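Next come two complexes built around chain A: one with chain B, the other with chain C.
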Partner chain A sequence: MANRAVPQRPNGQTPGKICQFKLVLLGESSVGKSSLVLRFVKGQFHEYQESTIGAAFLTQTIHLNDVAVKFEIWDTAGQERYHSLAPMYYRGAQAAIVVYDITNQDTFERAKNWVKELQRQATPGIVIALAGNKLDLNNMRSVQTDESQTYAYENGLLFMETSAKTSANVTEIFKAIAEKLPKNETTNAAQQGRRLVESEAGNKSLSSCCK
Partner chain B sequence: MMSFKKGHFRIGEAELKCKKGNGCDYYGNPQWDGFCSKCYKDVQKQRRINMSPKKVQMNKISSKQDSKKIGLTEKKSKLSYLKMFNTIKSKDEISEKTKKDYDPLITKQLDQVDSEYSLILSEPKSLRVDLKKQIRNFCQMMMSHLQSPVDIQSELTQHFYQNVLDMLNNYSHEELSHETKEQILDYTEKYSMIKLYKFLFCMTLADEDEDLGIQKRIRQLNWVNAKHLDCDIDKTNAQIIELVYKAILELLDMDSATAPQDKLACVVRCCRHIFGVLQGGNNGVKGPASADDFLPVLIFVVLKANPVRLKSNLHYVTRFCNASRLMSGEAGYYFTNLCCAVSFIENINAELLSMNTEEFEQYMSGTLVSDTWDSALIICEGMHQMCEQLALLADLKRRNIMIVEDALKFKKEMSSFRENLMGQFAVLKEVYTIVDDNDQIEKKMSVSIDDFDPLCSNLPQWTMTPQVVQPTERTRTNSSCTDGDSWDIHSAETVSLHSLDSNMVPENNTNVERILENTINPQPHLNEIQEISIQGWQIPSIPCETGGKIITNTENNI
Partner chain C sequence: MRDLYDCLVSNMTEFAEENIVLEGFLCPICKVDFGLDLKLFLHFQEAHGEDQDLVKSFKELFGKAKEKILNNDIVKKEERRYVWEPQEIGEVKSHIQHFKNCRNKWVEHFVMETNKTVIRLEKLLCNLPQDPNKRKAHEKTIVQWLDGTDVKRCPDCTKSFNITRRQHHCRLCGSIVCHECSCFLPLSKAYETINETIQNPMDFASQSLPSFRLCIHCGQVLENREQIKYRDQKPPMCDYYDKIMECKNKIENDLLIKFNQVYNLLKEGELSYLFEANKIRSDIVKLIETIDALSNRILKMENNSNSSKTTSKNIKLAMIHYVRSTVLAIPALPSHQEIEEIAKRKREALDARLRNGQDLCMDKNNLSVKNKQNRTSKNGAILKLEDGWSPVTNANVNSDNPMVEQMNIIKNYIKQAKEAHRFDEVASLERNLQELNEEYFKMQNNSDNTSDY
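Moving on to the complex of A and B:
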């Protein structure tokens, strides 16, 4: 795999060649977050390779012009009970994909909450994409494209309806994110360190305010 | 916790034993300089005796410090509820510590790190020198900042990492590859952190309190089982249980690692085992597990492991590990998950476990006791052990049966051999009886010679005498027959003795046959006899051996 050879950490990146970004996946548990990523990373749906033991942490590199954009994809637990833990995951993330299921209105409402939370608490300038998954179940649709389109437009989100099963729009949404990400950003380890410590301190108040 | 097999910890038993070593089998204690109480007393006495009068005053001071130290530790417990003091251990204590111990264990670890990275560091020599200098400066700086708040210490450390990275980036001599830089950074971090571990790990009262808090909390939550957390663990599958144990072990092992990346590596290994657990589950399609499945199992593992100084370990890693490592990469991801799991455990309530508040309270207060996973695990452990032992027994049984079978077979072979032998002898006897019948005097003579033989068969002189005696009997025609018989046996024996000279046999055979031409019909028997004597030459009780020898002489005479 091409991305295996690519170094792991963002600091010390070769300028103009490889950009590494942390991307978090948010969304309720049954919307197909991990299927989406697996489709993107491995080109698979259901037939998994033996070597893939987890879909929770994956990396994939895509090429835009002469820039290699390496995504480090962090999956999050979607269950409601783990909602309060999400800030720990999206801390320091440069991009996020909020996934909902087009056949399930509730998941869309949850997705809206995620977006709100991200805009309020995540790294300023985080690129947020909204993905309406399970496009292959179009006939069972309960969230209309127009509705989510408008919502995305109002909130400045990237929006696409995807299908992990047919792989429709899967690579496209990642590409769109890659294009929107600032490519000349130099990730500063020291800044990150400070940020980490601060958020560490602010962690408790955060979790208590979620209660 | 229950006993784990295959447990491996980084601290060997020998390192825990009393430093005095030979003869003393007790465990040492760091407070007593690694001696056991008895040896420490002895050492103290020695020291006091060795102390010259000039130094007595100093001794007084240090004893004063000792008393101060004791006072401090007492105070420490008193202060614990006053959380206003972030750093507690007094300067005296720390500086004393630094002077006192150059722990051989740490030196050993450092040497290990050095040799581990020696290949990368060997290339540009100036780099190595620079790096060492940087590390030394950093360590000195940190030692002077031991009393600063941990946040500042952490900041300094991160700054140091950044400095080293800058140095590597601007390294003039040659362009270093990204990989090399990473590894050099790793080395720097590992080396300096192992060196400073004692002073940076778990140094604040707040940390200690948090450790105890979470430990107590987890103990209270011991009734939480896999079902409460909705995790998919196949309790009946021995392999899965094994993996759960491995994950728990790795998590427990985190405390004994010193460098932040070693601690992270423990977390990563633990999480990999968890993915193994998830893949082995029996629920639907088993593909790569997502975070939805992963986090609950991790929480479960943390609950069941209840690692010591958990919070301290987490704080230590967040503060002193290269921050970029925590923000990205697999290790960073798993570590974040672990933090999430701990945070979840801290905030666990009835709602989060989807049960009603009353029930939750009852469980927490201990009035309601469920079939805890602990007991389930104990049973499973028992079952597992039983299975293993049964397998062992089965194997032993199989081997035993094999041995018995072989023994029987051998016995049968032996008895058949014996029978065969006896049969052959019967035939042989028959041959002899014929001879006896024909010539009784001959027999008598041979028997009488038999009796003497064991003592003097090897004496050449004795063999000479018959030469004188024999010529008188030469006229008997049948004597040649017996001579031939026994001679053949004898020759067969010598053949078997020098089995390598097998070409001897046909020669002798022709000889025999030539001699036997005028005998009646013992030829078929003779062949058999030859075979037997080849096999059974060692058996000493063959009566014809002696006869053979004696008669050989007679043959010679002919």
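Moving on to the complex of A and C:
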């Protein structure tokens, strides 16, 4: 256990609060899920990003004040073929980003369906963020900000319009999610092992459900 | 005489008081020695009779009363110095109704008088003969002239009539006044008063007396009527001024706002708004020209009174000032080239920012590497990104079943995570692989079952 913990500690400093969250990206294919997450994790952008097979796995830690928030990001494939995999990834997730393309109204409708599915079947209390990607193509916009803003407000979603290309709002949306996620019952992964995170997440959701 | 005597007596008494012992026929009141008893008796009868006592006692009473009143006055004066406590308002009665009644009576009276006067004037003007003698007869048939034989003085100034001060008849009421107490109503004005245009001005010009003599009362009635007519009438410059204000409002509340919006867009490099901006600008200029023309027209208008002259001058000055300030406030539009340059600069800045954004991320990575080396450095920033980790997906994982595909991917990921000593990630991925296995197993079972049935 102790061996495991060492490389994971951020910058080797004394382990403060480390919160680990499972985050899943959902959305129609080619709306920019992988680009968004690649921008967040690696700070890179590829103009011709290959389409994802299955679900890609990435991790990134952000430091919010004294708390280190580690995201385990599951970047699912948007293609219809892989949709059967999606429930496995959003099932235990504490956060989800539903991405659509602001230049394509259909992707927004698909995003709404994803939100519905999450609200029905994902962990109760899951933090859902709606991301309107490709903000750099603002002049070709077909989904108005007001429309999605209202939709997000009505459904209690975080909402931002992002651009993986210009990196506008990319870090911000993850930061907003990290701020919204509950951090009080998080564990020090180094001491208590990983599994507790999930079980506690389950507890948390139960309690919020009963209230 | 009596006063003198009293005075003498009082002096004597004073003297008597000084010489304490007095003898003889002394009056018991005034202590004067009369020498003989008869004299004393007479004196007493005369000077100190009962009436005298009464008078004295009255005098005393008056004196006391006087004193009291004086004292009271003093007390009142003292009382006035006190501040009165606020008093409750007693009964209140509105006199407005009474005032209105009185006023209505007066108004009615004047309206009646005016109407009568005007009607008489109308009759007088109807079929007015041109010949002076005939005219006089005509005037007399309409309004009965007062017989002048009994009128010795002018009823207005009470000056007596004589050869130099002749009697004159008011053509509207027939009363007699002197020349000084009368006025003349020109015919043109008379027609104006009864709202009739002069049919043939030449006829009147040829007349010797183109006016009516009126007493000052009738003259006043007509003049009042004219004034009331003009009171409700707006001076003609008002129309022009309203038009000016309309233009001004349109400039301020509509065009200038639009212009500023478009101007700002142009400054942002939006070339497509140039045409619109020019149009708005020309609209504003047109309106300003209109304002200028209207204010000129006001200035050139015929103004009778001094006050309206100054008003029109002031309007003109204000408009000159307004036009100047508005014209100066409208900024010159940037040229076609300038806008293109702005747009170009903006594009370059955007590109630079894009590149910088990537660089910044690189810097961040470098920074965190440095932080790793420098173990003591603290994590003070509010938001800091670490270098994330992502395994590479191999292309040759293809399978018919996406689940199998994913399992292959995860197996590959686990290998990479182990190599990178990312044991946390390894654990997560292993757990996922297990879930996938279970899911796959379930799926296989289901398909087996369905195929069995």
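Definition applied: the second predicted complex is superposed on the first by the 157 of 211 C-alpha atoms of A that agree within 3 Å, B and C clash if a C-alpha of one lies under 4 Å from a C-alpha of the other, contacts with A are read in each partner's own complex, and residues count from 1 in each chain.
The rule is short, and it goes like this: a contact is a pair of C-beta atoms (placed from the backbone, for glycine too) under 8 Å apart; a residue touches a chain by one contact, two chains touch by 3 or more.
From a predicted model like this one, the values you see are computed outputs, not experimental measurements.
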Contacts of A:Gln94 with chain B and chain C, given as first, second, both or neither: neither
Partner chain in contact with A:Thr61 - chain B first, chain C second, else both or neither: second
Which superposed partner A:Thr103 touches (first chain B, second chain C, both, neither): neither
Partner chain in contact with A:Ser29 - chain B first, chain C second, else both or neither: first
Which of chain B and chain C A:Gly78 touches, first, second, both or neither: first
Partner chain in contact with A:Gly43 - chain B first, chain C second, else both or neither: second
Partner chain in contact with A:Thr162 - chain B first, chain C second, else both or neither: neither
Chain B versus chain C as contact partner of A:Ser148, first or second or both or neither: neither
Chain A residues contacted in one complex by chain B, in the other by chain C: 7-8, 10-13, 20, 22, 38, 52-57, 72, 81-82, 84-85, 88, 189, 194
Touch list for chain C against partner chain A, complex: 350, 353-354, 357-358, 360-362, 364-365, 368, 371-372, 375, 377-379, 381-391, 393, 397, 402-403, 405-406, 409-410, 413, 421-425, 427-429, 431-432, 435-436, 439
Contact set on chain A toward chain B in their complex: 7-14, 20, 22, 25, 29, 33-34, 38, 46, 48, 52-57, 72, 74-79, 81-82, 84-85, 88-89, 91-92, 187-190, 192-194, 196-197, 200-201, 203, 207, 211
Residues of chain B that touch chain A when the two form their complex: 151, 154-155, 158-159, 161-162, 165, 168-169, 178-179, 181-182, 230, 272, 275-276, 278-279, 285, 287-292, 294-296, 318-319, 322-330, 333-334, 336-337, 339-340, 343-344, 347, 351-354
Contact set on chain A toward chain C in their complex: 3-4, 7-8, 10-13, 16, 20, 22, 38-45, 52-66, 68, 70, 72, 81-82, 84-85, 88, 165-167, 171, 175, 189, 194
